[in-house]
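What follows is one structure encoded as structure tokens, with my remarks underneath.
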């Protein structure tokens, strides 16, 4: 059980980092990124490819973050003239194209098999401690990212983003360069998310294409919306809840003695139901964004 | 060309499809003036403002700000050059308080790293913005609603908030699109006062307005636009005696302009 | 025609914007509401139209208590017309389509005829009849909004700042047209105005609101001639 | 009396759900069989099935739960190689026995000590198919397979083996799954004028491919189905009629027939794929291994499996023997054809 | 060439009805309803079930579509009306939840095995040198007829105008006496029925299976977006363009250009082609290809 909890916390932490990243775009800047998982995918594949090519594995994470930021720059450029909904689909398109490249170009990415045997971190430590150390690392990163992202949101940059989110024409007229705001927001968010993706690859010793499916982005969105978009505490709460539900489903199934031919239906149904109940009950998320009081 | 012109517009033309909104618009605004920009509905005043402030590209013509050509410059660059404007129909954000919107209008020091690490520069900018925002909100009677969501204040109050935002930038040239439409008459006087004070501190103003009282109280000169052209440029009290202006713009309200 | 009794209403549960307000407008009267920004004028009109439910008190139109009716029911069945202060046109439609929607329940012949009439009343509409409404200038929008509301020949018209953004000449024309509509079609008009001077010119009575209640009321004559009223509520002019 | 638990991770939702469910049925029948024969060391055998949702993260979480919370000694499954590989890697690292019953990637071979494999991997399958097709006198073949790890393996591997024999692959298409029509892919293949088509596909996708191939008149050439039972499971018999193909060795012999009977009674329909047989064999084998080693720890299972394999074990998919790496030696393949609406050996 | 054209049309008709409904509803409710493709899946199962009960195929499709419309309306009333009060993004995530629930229910009831329609073997029709099945011919024709009907409905009737007015400004539609909720309900019903019909027709060739909705999610959304969300006719044109792009990728032979006999773009990039087209189109027409809306500050 102990091991399982550690792994649930670690995975939750990785998702938390990605969701905090998404929050910088979606929450603060109102940018609907439906291809967000692509940043994580780039991070994961960077680590994987570093391993495949036999480069020092320590280079994986930095390369991943750099590649993520670059992709972020590109995606933000794409949005120069696009309205929110349209940009959302454009990002989805980019993510899908990247995924297809990952599936098809097996000389680089291992093809549909993905890249296996990626070395983990802390593997020199003894059995439970390597997992504990990894969890500690992830929790540390989550706290750091949460702290900085809250700062970003409450500070002057975040305020500019929020004005852009709600009234772009007003923001322009006040002298903000929307394109630059958007680019910087997406790039910061990409950096964080690519880092999480790289850590994912190390943790699971694996980078593959299923991880880059659009459904994964929707998981991130779910976490974001349940907790409360735009608010760091809300985001974290959302991640904890969704991750708890995901982790609990197999146990609930065992507990209620559901026959295993219903296991799949039950898993989907329960997650859908809980999500729906949450949304209906607290429509703005559990911790809705508040008006910020300038200190 | 006079040397102290802050804004020069030469041969400006703009058409939307077949609709020629502006053609051969020529005028200049001198440093320290308060110019009223008048004209019938649909004569292109807002379009002119949109072009000057970089929201809409002109079809032809030249615009100079303090002698520098600004054609094709994006709005945010123009704001850095000291130009600010308000909108005719203000729409305000939902999840930001009035005070926050006002503070957001101070655009300095909003870098990612500066915000992340709360540098001294960031903190100083924040303090300055807060002080100034409080002051301006107070001046335009918005203190009572400063903590409400900016979208939940009344139409007139939004208009005032728009003006506060424009002033936050400490512009050299301020263009107001119908600042008093929907604003209570008493507040109108406050606005006039505030604009005069602003003008005294060196800000040049261009005001689009339909309220002749306001024009008379506030402006030193009027430019009248009709059918895409400038048809008059004179002192406000001379408007009533200009036949073309009366025919196109004032109509039966000519009495008001005279009064 | 319009009777508002002790109405309390607001947007959020805990804040009342209207604090027990009462007023009325007799048949074919033009009544103007004046008051500082944010005192609740628009809120009052929205409550009469049905966007907000009165928490206390009631709203009567033509003698019927309509406090509980939805907006579209009032518009359709109580012969009510309403022009909101902002977002008062359908930007995705053309000018003609805006008018057609205004006359949704008329027969198509009636609609054509009415559009002709309105175009004669407001020539701008004819000039822009097939333009997308989103392209209109501020003043043009205002006229279109009025035209849309007039399409079904309402008996009661609620206007929220109809003059905002109109040039002096057009403002005059619009107000004259309002008076004419009243005379020709017998409409009762309740309007909010900041342009006190012009509004007083055409209205019979006025209410001056303050913080969700009536601070002062009287005939136009009485109010305009009272110097204190002019000083306090009309910017010291008129 | 506590039951002895074993685990499985299967795609019960998502694009491979059909096969996941088919495998689950095999496992279920296997457990029933073992328990009917007296269980494991006098105890009941219990199976915990977790859904992978066709997602590696979910699959790994499920495997973690099985390994660390339920503490099962052995986990069977997944189906997609891209999920089986990370899951198996994790299990081996934890010292849990992994039994592969669905993935054919050759990487399965190198997973480690506690990894076992029951099915023929793609290299063997490709060699078998290439020889079979070549023996049928076909020299110029077009190949259409899904664009995933499995399809890529078949497509590339078959070409290699077939060309080694001297045949030619006229065209290869890796189609994107989940589309409503594959006419365009088929027509592209037809432009290469092959003298036969080799395809492999999942149930309903194959149904579309077969129907459209018929509509487009491509069935005038022979069609060869790779893993035939899976490929024709959802195609109306009159459309697939006359196809030939190969198959991972399906249930056969008396044992196999009894099993097919049991499957039919339990689920009121025939096999949806061959994988249920391997799943069934996996469970029965594990039961035997536990009894053999007289213990139910992972180490016992590992030891037991080796021992049972040495003694010789016959499952519904034929005799099972593991090599030193835990791989089934000489995994069975069958040659089949569809005649009068029935799959029969040829 | 004829075959190329027919392939394109057929793929178009696979996507068009669902995309049309999606886009139409988007116009009113202003959020991309992810569950919309699942309505198609539900429609497929209903049609299969009704056909199994012995209804003639056409009737089964129509009744199935009607029932799907009712289900759609029910979900709209119970769930989305409430969620929409707090904005489009909440509603969108809600639609994701609904989508999962629908899949779970169908999975629980009908299982994961595809259900194939047992149809009499139909000989393909020959049009010129192009071949297609009778069912598909009917599908293309039905789609075309429905499209024309909707075009007329939307742009030439007072009801269509009311719908667009509602989409543009709900509060003002109220102030014009339109019964906003009733119009929304009718449109919801229609869009659900369209999705149901689309799904049912798809199932005729590919069977009714739980992933039917999920599989068409991306292309349908790409089509709706390409045509401009909220513009139903655009959605159909978008579907056509996507189909065209896909067909081009698979069927244009670049061989002659390169001096070889047969050179195709890899078919595995077929999805990428659709998305690439989408990206390019959006870059040049940021609000979809058929956007005519005037935006001014």
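What to note about this one:
Per-chain residue numbering starts at 1, and chain names A, B, C, D and E are given in the order in which the chains are listed.
By definition in this document, a residue touches a chain if its C-beta (ideal position, glycine included) is under 8 Å from a C-beta of that chain, and two chains touch if they have at least 3 such contacts.
Predicted, not measured: the structure shown is a model, and the values here were computed from it.
Comparing mean CA positions across the assembly, the chain most remote from chain B is D. Ranked by distance of CA centroids from chain C, the top chain is D. We define each chain's centre as the mean of its Cα atoms; on that basis chain A and chain B are separated by 43 Å.
Once the centre of each chain is set as its mean CA position, chain A and chain C turn out to be 50 Å apart. Measuring from the averaged C-alpha position of chain C to that of chain D gives a distance of 74 Å. We define each chain's centre as the mean of its Cα atoms; on that basis chain B and chain C are separated by 28 Å.
Touching two or more other chains at once are residues 103-104, 169, 173, 261, 264-265, 267-268 of chain A. Within chain E, residues 103, 107, 111-112, 266, 268, 271, 296-297 each touch two or more of the remaining chains.
Multi-chain contact residues of chain D, defined as those touching 2 or more other chains: 12-13, 17, 20-21, 147, 174.
Listing the residues of chain A that touch chain B in their complex gives 148, 151-152, 155-160, 162-163, 165-167, 169-178, 184, 188, 230, 289, 291-295. In the complex of the two chains, the chain B residues touching chain A come out as 53, 55, 74-76, 78-80, 84-87, 90-97, 99-101, 103-105, 107, 109-112, 114-116, 118, 122, 125-126, 129-130, 133, 147, 149, 165-166, 168-169. For chain E in complex with chain D, the residues that touch the partner chain are 3, 7, 10-11, 14-15, 103, 107, 111-114, 116, 118-119, 121, 124, 131-133, 136, 202, 205-207, 209-211, 214-216, 246-247, 250-251, 253, 262, 264, 266-268, 270-271. Residues 11, 35-39, 42, 85-86, 124, 131, 135-140, 142-143, 161, 164-173, 194-197, 232-237 of chain C are the ones touching chain B in the complex.
Those residues of chain A that touch chain E in the shared complex are 26, 32, 78, 81-83, 85-86, 88-90, 92-94, 96-97, 100-101, 103-104, 169, 173, 214, 218, 221-222, 225-226, 229, 261-262, 264-273, 275-276, 279-280, 283-285.
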